[in-house]
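Per-chain numbering from 1; labels A, B, C, D, E and F assigned in written order.
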Amino acid sequence: MERRRPSHEILSGDSADVYFARANQVLDREGLDPLVTMEVFTRQDAVLCGIDEAKILLAHALAEAPAGEAVVEALDDGDLIVPKEIVLRIHARYRRFGLYETAILGMMAQSTGWATAARATVEAAAPAPVVSFGARHVHPEVTDSLDYAAIVGGCVGASTPAGARLAGLRPTGTMPHSLVLIFGDTVRAAEAFDRDLEPDVPRIVLVDTFKDEAEEALRVAHALGDRLYGIRLDTPSERGRVTIDLVKEVRARLDMEGFTGVRIIISGGLTPERITRFKEQGAPVDSYAVGSYISGASPIDFTGDLKEIDGRPIAKRGRIPGVTPSPRLRPVDLAGWRGD
Amino acid sequence: MERRRPSHEILSGDSADVYFARANQVLDREGLDPLVTMEVFTRQDAVLCGIDEAKILLAHALAEAPAGEAVVEALDDGDLIVPKEIVLRIHARYRRFGLYETAILGMMAQSTGWATAARATVEAAAPAPVVSFGARHVHPEVTDSLDYAAIVGGCVGASTPAGARLAGLRPTGTMPHSLVLIFGDTVRAAEAFDRDLEPDVPRIVLVDTFKDEAEEALRVAHALGDRLYGIRLDTPSERGRVTIDLVKEVRARLDMEGFTGVRIIISGGLTPERITRFKEQGAPVDSYAVGSYISGASPIDFTGDLKEIDGRPIAKRGRIPGVTPSPRLRPVDLAGWRGD
Amino acid sequence: MERRRPSHEILSGDSADVYFARANQVLDREGLDPLVTMEVFTRQDAVLCGIDEAKILLAHALAEAPAGEAVVEALDDGDLIVPKEIVLRIHARYRRFGLYETAILGMMAQSTGWATAARATVEAAAPAPVVSFGARHVHPEVTDSLDYAAIVGGCVGASTPAGARLAGLRPTGTMPHSLVLIFGDTVRAAEAFDRDLEPDVPRIVLVDTFKDEAEEALRVAHALGDRLYGIRLDTPSERGRVTIDLVKEVRARLDMEGFTGVRIIISGGLTPERITRFKEQGAPVDSYAVGSYISGASPIDFTGDLKEIDGRPIAKRGRIPGVTPSPRLRPVDLAGWRGD
Amino acid sequence: MERRRPSHEILSGDSADVYFARANQVLDREGLDPLVTMEVFTRQDAVLCGIDEAKILLAHALAEAPAGEAVVEALDDGDLIVPKEIVLRIHARYRRFGLYETAILGMMAQSTGWATAARATVEAAAPAPVVSFGARHVHPEVTDSLDYAAIVGGCVGASTPAGARLAGLRPTGTMPHSLVLIFGDTVRAAEAFDRDLEPDVPRIVLVDTFKDEAEEALRVAHALGDRLYGIRLDTPSERGRVTIDLVKEVRARLDMEGFTGVRIIISGGLTPERITRFKEQGAPVDSYAVGSYISGASPIDFTGDLKEIDGRPIAKRGRIPGVTPSPRLRPVDLAGWRGD
Amino acid sequence: MERRRPSHEILSGDSADVYFARANQVLDREGLDPLVTMEVFTRQDAVLCGIDEAKILLAHALAEAPAGEAVVEALDDGDLIVPKEIVLRIHARYRRFGLYETAILGMMAQSTGWATAARATVEAAAPAPVVSFGARHVHPEVTDSLDYAAIVGGCVGASTPAGARLAGLRPTGTMPHSLVLIFGDTVRAAEAFDRDLEPDVPRIVLVDTFKDEAEEALRVAHALGDRLYGIRLDTPSERGRVTIDLVKEVRARLDMEGFTGVRIIISGGLTPERITRFKEQGAPVDSYAVGSYISGASPIDFTGDLKEIDGRPIAKRGRIPGVTPSPRLRPVDLAGWRGD
Amino acid sequence: MERRRPSHEILSGDSADVYFARANQVLDREGLDPLVTMEVFTRQDAVLCGIDEAKILLAHALAEAPAGEAVVEALDDGDLIVPKEIVLRIHARYRRFGLYETAILGMMAQSTGWATAARATVEAAAPAPVVSFGARHVHPEVTDSLDYAAIVGGCVGASTPAGARLAGLRPTGTMPHSLVLIFGDTVRAAEAFDRDLEPDVPRIVLVDTFKDEAEEALRVAHALGDRLYGIRLDTPSERGRVTIDLVKEVRARLDMEGFTGVRIIISGGLTPERITRFKEQGAPVDSYAVGSYISGASPIDFTGDLKEIDGRPIAKRGRIPGVTPSPRLRPVDLAGWRGD
């Protein structure tokens, strides 16, 4: 993950539950700042994500701690985790990081939700690749996190420059329906797209805007010839969405006219169940573009528990006091994550 | 909604689907920039939210348009909307705003999802109030949007300063379990809280950290006397969560010792269904703190369609060409939203 | 119902369960031929059909009976009947009609099944009309009975000349996909159809053979102008079948270009449930063409019981001896049904 | 299958969908009659039936075609087929056979439905045999087709002479309740049956008309002695139908009195599920007589598609153009099926 | 309820949970015997039963208490109670009655379960009466309690002398299948039954032992004439149990031969659901004999809670301290229940 | 099983269905007393119980029979039986035992129901033991039978002295909530319990009366030290019942303070399903105390059929005449069971 300094709003605690600020105020007035151990876990199987961003935040938060006092151990983005497994352990003075509990858990909850959903689609589609197209369902401040999480979950690409950059990739995309509508004809739009863009942008043309998909796919293939990388089927729900038989027919009609190299990308309401049906019934899909299944995944709730205070095992009711044996945890190089 | 300038990342298109940037590049090279009308709608009943933030973005995007050329009509945050109703109509040159389609739809999708879920809990709990406690499930960059949406959906408060500020309220909260654990005793933590915080912070004490909730509630009530505003029950799932009978018993035991004014706030896995059961069975809850039901709500997908190009009705397959009659739309004062 | 002489095969008993022939043989050798009363009923609510055809068969079977000996009472095609209601009572010498029990029950079972299913679609579609298109699912020897039963159940038309004639109507239809394929273009096929057929055949054109339905509908409307009576949408299941939104969009696009008088007929997998959804959601369908829901309806089983023998009440185990009070039964004019 | 000339009504097109007649009229006036290839398939696993009857119809329809011009390939009655498998391919001038599409598909749809249902009961009952008793639920014009299809599906016999003859068998049956009622006593009816019928008709006696089945079975066994082939249990639904324990008890009581050779045939509402339960729980049934499960089976829809016209691959939207590889198809000897 | 002294085993505590004996031993050694208030309730709607028997036990247990010290308030057998309603309150020194908690709760749990189930059948059958025939499913030591509870629940009779006596009624019954089997013929058994028993025993004859029920009913009616009070249908499950149509047919056949006064009693696996179906479909049943639905009802759990000790409100966790307002409770005359 | 003389009420027939008494009266007057064979079976898989008690009753009933005339064969308490298996065969003069059919079947029905339910919990819990705590749900006259049946079903102990004695064991128990409430503190109650009871009573202390279970468990462990045998968790439903995590936490907290030898017993609404979940998820339960699942089990219905009368095979309709082959039956030593 690309390193980024946490925003002012996060560092100020403005985005934290207010009771953490109040707790700090009380401890300050009471002159308390114990050395504590906090452990973080979730309650379901998941693809861990957001923890690397949390490490950056912790690295900044603990920057002033005396040498050796603050110790962080953690798993990494992309690790498969199991219920109740400890994924992060912070050993430091409470007031240095208590205020960031909300932010840390939030980063992990939402990103882990997205990565876990992404992986479900990736497993369903394998060996065909999946691309994340969900940016339009989340706030623009987090599209980068969404796309990064989708790639951690196994997607081979994502549609936003910010998200792709975070994952060290180039963004993936075709063309919007708007472009086709403005040109008034799919072939003319495709020709302009082909004429005007850099050669390394794959020519993938949307073929459901004006005419029947099979007819349009052939028109576009004839117009662009070898330069056509692929077509995208995105039939709207009003027309019954993309069906398994549509993919088979378009493939057959393209092949019959010699366009065996044109790839078929599909999108529109794809879920692991629908992808599995496409695969099981032999639909010749080259790539799946998945949106709301990933971007609409519910966050996966993480919990942070104090387990030691000044060396004594402790826990609230319902939890087991003391440090949990966690052989997979690895020490975190805070200076490294801070970018020192 | 408090006015905020859109971030650089949003304005640069970095968080947009890359195909919008490519579409702009093509149109630029082809010398095209038609005057278009785009309409935005969703497919379900919802509490609209995020549209005011979208107006700010559009106000900045269209700032350079000649007088009278760009016209925006919209509904407002908090409006109840129905399937296929037009909630936003943009009439402008395409290249001035096409790049922001991803951002606009994303703001609306996530905020409308949150506001609609919030409203479901508010309706279940009425006349008891609901407070949003979901910050820990979303990325810290959007906790403010989450809390604002929850309040638009009818919550009376939210837990983050940033979110509360956006809604023009003060943040709401009690104390973290960590504070109680550090003091080693609920009563000592409550006394310090009471001693150290400003008088206008309501004294609400968590009573499930160390001892049985009923026992602890009485200990705290005796310790703080009239200064105790309320207690919060947040029994962990490991102990069966807060039950209806627990609330009744705690209320009865407080009343028997004269603490009839102490309020009971409950939290932990609350949903409209669970809240309804509490209400129907007469549990004397004074306030509900709801987290993941609101913060984990899936985005509600919005769609933007071009319906006119240079005055001609048009639409992609599956949609009906031309402007949709929408008597509820109101003109948007772009200069006002820009803060000019 | 048009009068028809029963076929030789039926009158010979060749299509009867063999045990009736054997029973007749036994009775003959034993010199027995009592005067019996048989009653026929079913066990569910239904639209009675096939009974008029049964009257014709009985009229021929009992033609030789002495005056006054044979008495038949019955309900009529189209009557709504209830469980265990007597729909036919035959009072005659057993050997004159016993052999025809299989044929009588079979006529009634299959036709009543079809008529009852037809009525379910008619009630769902009302006030829009339903046409029976199920001939391709049943043996050609019974397509006339199928279409007649569908009309008894409330359909306004049927697709076979034989069936329509039986019901005193003209057959209803559009054109096969084969015709469009042979012309290679929908518009050319439509023009030939318009040029070559009698003026009183309504010009209804299939618009899903080659191109998108909305596009093709407009092409055809422009080509035929006022002479176009309607278009038929029969989108194949491979393309998601006809959807509610497709009908709305085609209607809107036709209206926008002034073709408000062109009717929309839909077909393909229609059931009462699907028709109800189209109606409830306001799809502007002018007529429904229903096939397999009607033609694939299971027969409704009828039972014939001897209830009196030579004036004595009798019944097999499980039935109540003697004639059942049945005020709705009407005397059957056997000579009339025979066509004397 | 016994050869039969198609009826005048079928050959005239009277039972066809009217739009085929109209298509022929248009093609005639336009002077068109291309050489086409039509393929027929269904969408589910099935026991193919009715196709031999379709071959006879095609043999007559194509009788005038020049040598070598008309080629038909097909599977046969009784073949197990899979979804989308081509079961019939016709290569001929369209106007010679287009009119018969309705009839061909109808023959196959209804007969394949019956044969497939029959096979499900046969598989459930094996090794005990199944006999088709469904004639009373279908129109007498198709009882022969029903019984023939049941035998193609694996039944060892059927109850109508016409159906049995089509399958080259003798009809199967017992006696009607009417016969027993007329004699007023099961034993007297059985004795007359035994006295009056040819020796090669198996003596199978219905034993549920007047008395308890077990009591009656013993009375009949004592009366007919070795000449009794079997008894049939057909307990009416009003008395709880035939149960597994009833069969066991009747078997035991017959055996206790030495009638170990008397077979037990059961009937009444039998389905594969009920037959399976009888078999799994060890009911000593010698033969199952199945009616409405077979005769009430819904037709299995077949589709005919033009795939080549004058040598060019073609298909309507939703289908793949050109001839489908179908190695199992066998050439049809049209002259042979015509009986030349 | 007839008064009975509790058995030695109950009074000795031998049938009590051993921890009550141990508790008494501890209190004795510690010299403790506080004045306590115990309240008893259940968690569901029910017909209260067994409480009168509990009053007798308490009356004996508290016989030695000083005047005025021991006060018992309670509801009565047959009262309809609601969840959490107090049905019994005991105010006495703990050691006088603590040992009997198991016995008191047990009496109430099992009898209330039976009475509540009985009432469900009685309500389903009304206005036809229900008789309890469940003695054969419970231990003979409690058949009297079962039958008494059934009558409290609304049954008009019960089959055991002990149970009937407890309820102040005469026992109800017909004859066992064994009697019919020993006579070898239903009519001969019926005649002996009629000849040998006192005239006030109603002649109710089982008619399903040897022959078909309808046949046997007529034979018995002819044999006993006016002396026949009724027949009982108890068709075994091996023959499909008693069906609605069987009752209708037997009634019709009896009436046709003039036996309109013979009553029909049915039995065999009756539940409220089955009884409701018989009633709704008009089966002419005169009386229902219900066995396992009543006798197999699960006990309804009662709980006893200490709510005051030496005048101080108290309760265990989960309960609300202090006496519950219970206006329906009535003082219990202990001397009266003791039979002093 | 401990031998007990049947009660007077049972031997007098007072608890029998009255029709058996009437049958005896008829047979007596008619001078009939045939030698019969009765067989008893049930219709489901079960753990047989109550049959030893039935042998005692038969031993007394048949005490006066001439040598060799009365023969009883049976299976034994604890045998696993299958549907329709003969578990008891009585060969004797009918009038010697016919009156006891109700009692015999009742003993077996209720005890077999309890034993079968007990075994389901025992199998779920294995290798952890189960104790029967259901006495409070059944009438005190049958608590001994209940506890005996539970032990036959595999429980290692039961809570009543009478039941335990019947099974040759000592009763099992802890202390009632009442004792803790009277002492006002769990530790004080535990100390008195420890001080006052014989050393061989295991010290098992209830820890959910006043405080949180984990806190109380530690307090009790510190107070009693090595003398503490175990703690019992019986969290009320108002507090969410005992959860899997509660057991794990209490175990962990006990172990952390060195109390590794203290056993954990749980109770409260346990069923095989809940026990299985505790076991599968690794809850460290040492013993399960099961109440209403065992005590509330419905009786398992047994049927007694006469199969021979004076040497002739016979049976009522629905059953097969004659003696059933039953190789597992063993001869019963009547004198031994009578205790001669």
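Following the convention adopted for this analysis, contacts are C-beta pairs under 8 Å (C-beta built on N, C-alpha and C of every residue); 3 or more make two chains touch, one makes a residue touch a chain.
Bear in mind the structure is a predicted one, so any value in this text is a computation, not a measurement.
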**Item:** Contacts common to chain B and chain D (chain labels)
**Value:** A, C, E, F
**Item:** Third chains touching both chain E and chain D
**Value:** C, F
**Fill in**
Chain-touch separation of chain B and chain F, in steps, is 1
**Most distant chain from chain D, judged by the mean position of its C-alpha atoms** = B
**Asked** What pair in A-F, C-E or B-F shares over half of its contact pairs, by residue number, with D-E?
**Response** B-F
**Prompt:** Residue numbers at the chain C-chain E interface: does the shared fraction exceed half, giving same, or fall under half, giving different?
**Reply:** different
**Asked** Based on CA centres, what chain would you say lies at the far end from chain F?
**Response** C
**Whole-Å gap between the CA centroids of chain A and chain E** = 65
**Message:** Using mean CA coordinates as chain centres, what's the gap between chain E and chain F in Å?
**Reply:** 22
**Prompt:** Approximately how many whole Å separate the CA-defined centres of chain A and chain D?
**Reply:** 58
**Complete:** Residue ranges of chain F touching at least 2 other chains are 210-212, 235, 237-239, 245-246, 249, 317-319
**Request:** Any two chains that touch count here, so list every such pair.
**Result:** A-B, A-C, A-D, A-F, B-C, B-E, B-F, C-D, C-E, D-E, D-F, E-F
**Prompt:** Can you name the residues of chain D that touch chain F in the complex?
**Reply:** 212, 214, 245-246, 248-249, 252-253, 256
**Request:** Would you pull the chain C residues touching chain E in the complex into a rising list?
**Result:** 313, 317-322
**Asked** Quick one: in the complex, what on chain B touches chain F?
**Response** 210-212, 215, 235, 237-241, 243, 245-246, 249
**Contacting residues of chain C [partner chain D, same complex]** = 7, 9-10, 13-23, 25-27, 29-30, 32, 34, 36, 38, 50, 94, 98, 101-103, 105-107, 109-111, 113, 133, 135-145, 159-164, 171-184, 189, 192-193, 195-197, 201, 208-211, 235-239, 292, 295-299, 301-302, 305-306, 309, 314-319
